[in-house]
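Note sheet for the following structure.
Labels for the chains are A, B, C and D, by order of writing; each one numbers its residues from 1.
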Amino acid sequence: MNSQKARPLGVAMIGYAFMGKAHSNAWRNVASFFDVPAFEQKVLVGRDAAGVAEAAGKYGWTETSTDWRTVIERDDIDIVDICAPGWLHAKIAIAALEAGKHVRLKKETAGSGALGDIASHAIDQVLFLLGDQVTEVSGRTHTFTTHRPGAAGQEEVTVDDAAWATLTLASGAIASVEVSRVATGQKNSLKLEIYGDKGAILFDLENLNELGFLDATGPAREQGFRRILVSEPEHPYVDAWWPQGHIIGWEHTFTHEIRDFLTAISTGTPPSPSFEDGLTVQRILNAIEESAAAKSSIIQLASAPAGTPTALTAASEGA
Amino acid sequence: MNSQKARPLGVAMIGYAFMGKAHSNAWRNVASFFDVPAFEQKVLVGRDAAGVAEAAGKYGWTETSTDWRTVIERDDIDIVDICAPGWLHAKIAIAALEAGKHVRLKKETAGSGALGDIASHAIDQVLFLLGDQVTEVSGRTHTFTTHRPGAAGQEEVTVDDAAWATLTLASGAIASVEVSRVATGQKNSLKLEIYGDKGAILFDLENLNELGFLDATGPAREQGFRRILVSEPEHPYVDAWWPQGHIIGWEHTFTHEIRDFLTAISTGTPPSPSFEDGLTVQRILNAIEESAAAKSSIIQLASAPAGTPTALTAASEGA
Amino acid sequence: MNSQKARPLGVAMIGYAFMGKAHSNAWRNVASFFDVPAFEQKVLVGRDAAGVAEAAGKYGWTETSTDWRTVIERDDIDIVDICAPGWLHAKIAIAALEAGKHVRLKKETAGSGALGDIASHAIDQVLFLLGDQVTEVSGRTHTFTTHRPGAAGQEEVTVDDAAWATLTLASGAIASVEVSRVATGQKNSLKLEIYGDKGAILFDLENLNELGFLDATGPAREQGFRRILVSEPEHPYVDAWWPQGHIIGWEHTFTHEIRDFLTAISTGTPPSPSFEDGLTVQRILNAIEESAAAKSSIIQLASAPAGTPTALTAASEGA
Amino acid sequence: MNSQKARPLGVAMIGYAFMGKAHSNAWRNVASFFDVPAFEQKVLVGRDAAGVAEAAGKYGWTETSTDWRTVIERDDIDIVDICAPGWLHAKIAIAALEAGKHVRLKKETAGSGALGDIASHAIDQVLFLLGDQVTEVSGRTHTFTTHRPGAAGQEEVTVDDAAWATLTLASGAIASVEVSRVATGQKNSLKLEIYGDKGAILFDLENLNELGFLDATGPAREQGFRRILVSEPEHPYVDAWWPQGHIIGWEHTFTHEIRDFLTAISTGTPPSPSFEDGLTVQRILNAIEESAAAKSSIIQLASAPAGTPTALTAASEGA
């Protein structure tokens, strides 16, 4: 709808901590590298007036506000980027959607366990890359660090800090997921290994400019995992950046995300990932927790018929 | 007991395929590198007279035989190295032990699944390195390649070719085990990752001369996984081989094994790994299979009291 | 001097190709991550009015101009960032310095050989990291690709595409430099290996978030090159960016450069690298070419007395 | 000639230190893995009667001697494997050749510098892999560690411990050679990087079971250095050893060498590398030293006409 408007899209962002800083960086730079619809970084919203004012100045937002409800009802705001903590996320999203705004953008999850924080990304990646569906899961969660220093001395930790799961996929593949907040020396590692009969793919978020690839269709004597430095103009998104061999950073993934989001808005196509994609991941996480509570017994997932409208409340429960 | 004998220890080997070739190599070379009790490669035993004769000539055995029962009863045979296929292994081992011979040496497992063939090694390594015990398991097995070309056309595959398990250890650690015969591009990979609060260790059998090590006790700015090329005289076993930086091969692990075995005999100490160690691994594999058959539900392992004598028949059932 | 001014520093940039795009990115973002003196991206200068207008819009510059001479004389311009091709660089720099502006920022070198384009960076890094001086060089240059398609058919290539040199350093170290534009598969590799008696350091620009480090002061059995992911708050510059394990891109090196440059201006300290640093590298490159022309014979470098003012014309000759 | 003899080839080895131990290992095992002419490990020769007796027992030699002149004249000795120190090597080789024996096997070099000890191997590999010839060199040598503890206190070191050279090859390629005994953390590294227009190859002796390979003929988006674990039956020599993924050790390179040497004898073809190959490398080393002494000036190599008989005395001078 916005594509018909003459004026630039108005963007509001709610939250300005880690994720707000990263998303602001993407908004500030996306139009310098990609051909996207015109937009303006209009309002930054936060609870603390002084804090939000300082952040707005640093991150390139024109106005500030401490009242997200007012902002999302403004006629000149078309896009609401919710970077608020997880527990606030669903409430804001529902209100923004009811006000007819575009919403997709990644939340800052806080207070959730390793399953919710980390496995969610891993499972999302598996489903996106394979275009597959999960039909059943077996899971296990654990809390290695049971107490942490708190206001009242040593406080009990109530969320898991490690989780394991096996997922049966509709295609016949099996995905094994293992996440941990206590794997010493692994700083932000998110490793994917995908094995097929014609080849295999490796990826690690700590080296996100590289792809490990093995082509199993050639002669055995020439097979081996190769390190592809994903910096050629032929690689998706990359020709917008620098010449070959010049790597990009983690934050540019958000620039790509916003580029896709803006492009989807301008062409009237549904943004990807969609709310439904998020709901699917959340249902899988719920089933893993259910399995973990039932001595790791395999749990069947009721697969939603394709195209079935998904109630937003279901998503908000999980978020 | 043998240490009192004046004559060299007499060694017989049963089987001369892959494992027989590797063990023969170790017997042929161990005394060139390590200070071990005197022994003689006396008899190689196989079913085919011509085949065993050729193998004996190539691998350094003085005599040959096609009758393992007679050989293990000979007075001049002190050690029986069983490299026969798995299904024969238990029967020979019992007979040899009843004849008062030294036995453990590794069997060639054939016809078993990925769980029995591969996970057995992984679990053995975890228990050996951590000195820990498994108290419960959840497991899953799968057969990706369901049919293979056989004498009667496409024949059904009756064993698993991939397996996953989580093991609760007595120390509070959790081990995640994942094995596959169908992971394209992984030739003989056996990776171990051990995370503790003071550091972490990585190992891969495909690079068996290297150890990945992270020391988490120093300043964060200096932390990182280091690649230690295990070729210094200070490293165990290594001063017997070559100067630093000159790597050894996979087969030398058997040379070390035989060196330890011979040393244990000469000093009268129990060899490690013992039959009991093997039985422990087998019990864990059984529990994983039991869990896999019960929708991955967690299975408790009845822990044998320390020092309890283990009936050999139990071991033979598992082998 | 600028630190006394009430108004923000006015910045002009000359050139908007590869380096202009990268520097614009740094100017646009530096204040979002670092605490730097206030400045404004005032004028972008280029030869083509339409092109410079489009670039200014994309890269965040307020005004445009096609006349660099006028711009550098404006009172509201304090900093001139020269991203023009190498052959224009010296002329603009001299004019800007004569107009009392701050200049150091990296030029786009074009039409130079591998020695000038690549070895310059390598030698600069060696001198910066070691804090050392070159006393003599032996060098060699070569042109592997002798002809390239041009307007008049196959045209002769007149610059080197590979070069080798050994540099004697004042400290007693010897640096070996090897650069190539034709090393197939090496996209933007710039590898440094520094060996000392107490340890060693490895770096590769293609993995610029990592440092290879070996500490040779501990026991030999624990020594090995470690991969330090330079993403801890303790690492220089890094706390301004993202949490640990979230890597930054190549272009952020310019953000750091501009942060240091602005900080130097505000504190009145000389920026580093200085013109003199650039001149030193250029003298070494000249000596390497001289050696290459003299059958690789070792050439002595006349070392400038420390603190000796360096004539700007000398710098311009080399640039 | 020996192929006509009915009796097995008689082998004598002179020297039993590091190289003698490694060669003995190869003699002891080559026939267990490869189909080679029959031979016997007859005599081990050393200066110390007790020492050589102990070594012969450990390494599998039947007899011992302290007089190499007598041994090489024995009719039942067909092959003389010289593992004596470098300074003795030439004298023994000449005597053995005059006595009509087969000789090539690698010497233990001692008391030579990094150029002679290490660069010799690197240059040999380059010439072998490229099938190329060196036409001119520029070189440099250096002694970083100028004094070592000796019998008379700190003694001066008279050989180089690091060397650099560029070699012009007849094909038009240029080889850059860099060797060091003082590169902290590099234990036995011997890295080769070969860049061609259709691809590139990497090798490191510390990971001798791996080959780095980049195929530059496919699409740019799929190009990357792959790690080929050279353990497939299709790889040369490898099917004689273990199944895929089971690596071999450094010492097996000697087993392959002896296999090739014995095969050459039995087929009457000249062994490779030949004396002439060794002489060629030696001439290049001499030219590098000559260049180093002449301020690194480029030295032309007089190329011997192909097939020209090479005087043995020339080789002995260099060895």
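In this section, a contact is a pair of C-beta atoms (placed from the backbone, for glycine too) under 8 Å apart; a residue touches a chain by one contact, two chains touch by 3 or more.
The structure displayed is predicted, hence computed values, not measured ones.
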item: From chain A, the most remote chain by mean C-alpha position; value: D
item: Copies chain B and chain D touch via same or different residues, half shared test; value: same
item: Between chain D and chain C, distance of the C-alpha-averaged centres to the nearest whole Å; value: 44
item: Geometric centre distance via CA averages, chain C-chain A, whole Å; value: 36
item: Junction residues of chain C, two or more chains touched; value: 186, 214, 223-225, 229
item: Residues on chain B engaged by chain D in the complex (per definition of touch); value: 18, 21-22, 24-25, 28-29, 31-32, 58-60, 186-189, 205-208, 229, 231, 241-252
item: Complex interface listing, chain C residues touching chain B; value: 211, 213-215, 219-229, 232, 234-235
item: Residues of chain C defined as touching chain D within the complex; value: 138, 140, 142, 144, 162, 164, 166, 172, 174, 176, 178, 180, 182-186, 193, 195-200, 214, 216, 223-225, 291, 294-298
